[in-house]
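First chain written, first letter: the chains are A, B and C, and each begins at residue 1.
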């Protein structure tokens, strides 16, 4: 799905960060607490689209809510900081330190969210007009009702909904239209960051495309950053500047999206890639990822993906890999024709040269082995790799 | 619009149902109801003269088969002609009802509305605040809901009437006064209505509190409430406009249904206080085998409850715009 | 749009018997965790025990001969009535008949509600519409006046007719709830799946549908029992039905009749009402627990373990 809107205008080469999260850890309380987000650090740069991908239950939405301080009990943030750096300059705002009133003022005007299934994010019994004005008045009590109406109509037109709908109710709109209203609301106060949690998952493909084009068109005008969360990897690769892959509550790889699609470093990302059939390519057997994600109620020793990883070797079960720059230029691939074979071959991308690439995998944190160095560009079939 | 018409239609059908049940009630007595009644009345003292003819006419037994009887019964009802009371001969039934129904309506009307408002208000708060104290009074209110109204009435009567003499023990107003709109009378009426009203309010409060609390808790975890919080909307506005506004809907429906039950409970309670409402009259009628009065009272109670239900349903149609969805 | 093979398991209703077994396991867990429901069960159990074994511990409830209208004393823990009866014996002796009426009417009414509510909704179509209108009519017509008139007309006393009359006037509320529940379940996938695979309708209803409605049926049953007991007490208090039967309602009738208030015999009318209220409360508490079981958000606040040492030392290279 190629989008018409060019996104490269906003690929920031500067590292002007607007949202900075460090060591964020979130737990769901209960008889056996579940650690859903584990020690996640991530930067969102001004004007960029950061995609977060991963399977259901990996913690993407929880992370998003943690970043905006929207966690609901029993979820609590048990560690880490989140800082917002306003574009107007000035001191970074520590989100966790905000008091209730400041938080309310901050919310939505600086960071807003488009929720998954926004159909349910609208109050079923009050008119849309009322809901818009509630939002406006909460942040600027001096607005008159005329002003509210005018702004609301503008917003509706911006997302392609007739402004007559303002007097109507949520149930009068279709799913796609409600999603658009959700987007209109999210953009109403011109925030600097918009977090979109699976904004198109509940919609059919045609409407999806429309809405995405809508979103990016508006972004052209207003220039905000987006954190885009979904499990649809191919869509994300098309749409975002940078990509972060989450697994079992941790970020296991981040890289520019154009590069990661070609040659992912982490075996999990490879698995994700391989699970998506190419619409136009040759027919090939679908290879999934065997096994299941780990139980997040327990401490995980070593790499969380190791039990399912085709390339797992000794350190993977003992030492937890850190998210760092990939040192080696190796790349592993599963032989589709003979799945018990694991091939190692040099990467087609020199990841070291890409300063934004990070991966949490032991395959990439040591120098290439003897086998690699002697067989430069040939494929080498090994069943596991020995590292000293 | 369709919604309103549908509701109106339903209540008309229900009224017809009530009227038909009313028609069959005296016929449950084996044999000729008029004769049976005459013999019962004779046991209690002689029956008033001409009563037999009246009874026959009332029950339509002087007509032909049951269909014509039913028809003439319907005609009578539409003229609000319920005949003459046997126990309070020769007062017409409608006149007795006219003097007693308003008392009951006033009492029940005020107390149900009050207990609904207080109960749902506290319930919304209990669901919103989620603190230990409010959670703890829930069992207490549960206990109250399980209490029979009349027993509670006895307790209050005992405590406030017999032991403390704060409130009068019986009647709807001081019997020495004449019903007029002066302050003496009205204050006496209020004094007499206080204990029964208190009983009704206290007994029903728990139910509203509990259901509103539960509904509020459920609503608060809905996505749109969360979205409203995310938008930075003030908590009070969220409670009123988003949470309570949605949570109260089932209670409104429940209110309509509960009206029938409240009437039932208050009938017994009126007896405890000898409060001369329509329930009191019904009981007197039952004890005296006064069938014409019974039929009349049953009709008017049904009519009142159905009307109240209709009003509440119409109100619901206003506050929940989803009912205006085209079907 | 693609989705991946591994998704976190969701709990969707599966086959009936598995559901029942896991429900029972869940139920026991909830019982232990919900103090309210536990209390309710204890209370009801106590009453049932008293009903069954009470007669062994007290003298004949109907015997006269005790001193008239004495307050609580060692020999007569709850005092005596105007007619020289032992209040405590009466109280205990009434437990059985009261429970009989309550549970009897509750059973019959619930059975009617299930048949009409679930059955009607499942069959659908015109018959469902008709039944629905019928249910709503019964629901809005005021019960007590009807019951009073009917009960007085059927002056033949006895507990049987009383149970029937109460049952026939109280099934409508539960029926309505069950109907909307069934309507929402009818279109769920697992029902459609069983129908498509050729399972007979009655089997689908019994094996797939009913187990998932059990909690609501039980809740409705409990409500009806409370209602039946209250109604029966009210009727007895009014002198309708057999006034010499031994029920708490009748005790209150005689207390009122003999002018207990004027002479201040509180020990006579307070205990029976208290028993009714306690029984009702016990049942309501069980209902409460059921609510919590069905809707976890309603559970009482419990302190949440936010600092778990389970994860100490994890990550950052342990």
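Points to keep in mind about this one:
As a convention for this text, a contact is a pair of C-beta atoms (placed from the backbone, for glycine too) under 8 Å apart; a residue touches a chain by one contact, two chains touch by 3 or more.
Values in this document were obtained by computation on a predicted structure and should not be read as measured data.
Comparing chain pairs A-B and B-C by the number of C-beta pairs in contact, the larger count belongs to B-C.
Compared with subunit C, the chain whose C-alpha mean position is the greatest distance off is A. Nearest to the overall CA centre, using the mean of each chain's CA atoms, is chain C. With each centre defined as the average position of its C-alpha atoms, the distance from subunit A to subunit C rounds to 50 Å.
One finds 58 Å separating the Cα centroids of subunit A and subunit B.
If you average the Cα atoms of subunit B and of subunit C, the two centres end up 23 Å apart. For subunit B, residues touching at least two other chains, in rising order: 221.
Residues of subunit B that touch subunit A in their complex: 221-224, 226-234, 237, 241-242, 245-246, 249, 319-322, 325. Partner subunit C is touched in their complex by these residues of subunit B: 10-11, 13-14, 17-18, 21, 25-26, 28-29, 130, 132, 135, 138-139, 142-143, 145-152, 154-155, 157-158, 161-163, 214, 217-218, 220-221, 256-257, 259-261, 263-265, 267-268, 271-272, 282-283, 286-287, 294, 297-298, 301-302, 305-306, 309.
Of all the residues in subunit A, the ones that touch subunit B in their complex are 68, 70, 72, 103-109, 112-113, 115, 117-118, 120-127, 130, 134-135, 138-139, 169, 171-172, 182, 185. Subunit C contributes residues 36, 133, 136-137, 139-150, 152-154, 173, 226, 230-231, 233-234, 237-240, 252, 256, 261-262, 264, 266, 269-270, 272-273, 276-281, 283-285, 288, 291, 295, 297-298, 300-301 to its touches with subunit B in the complex.
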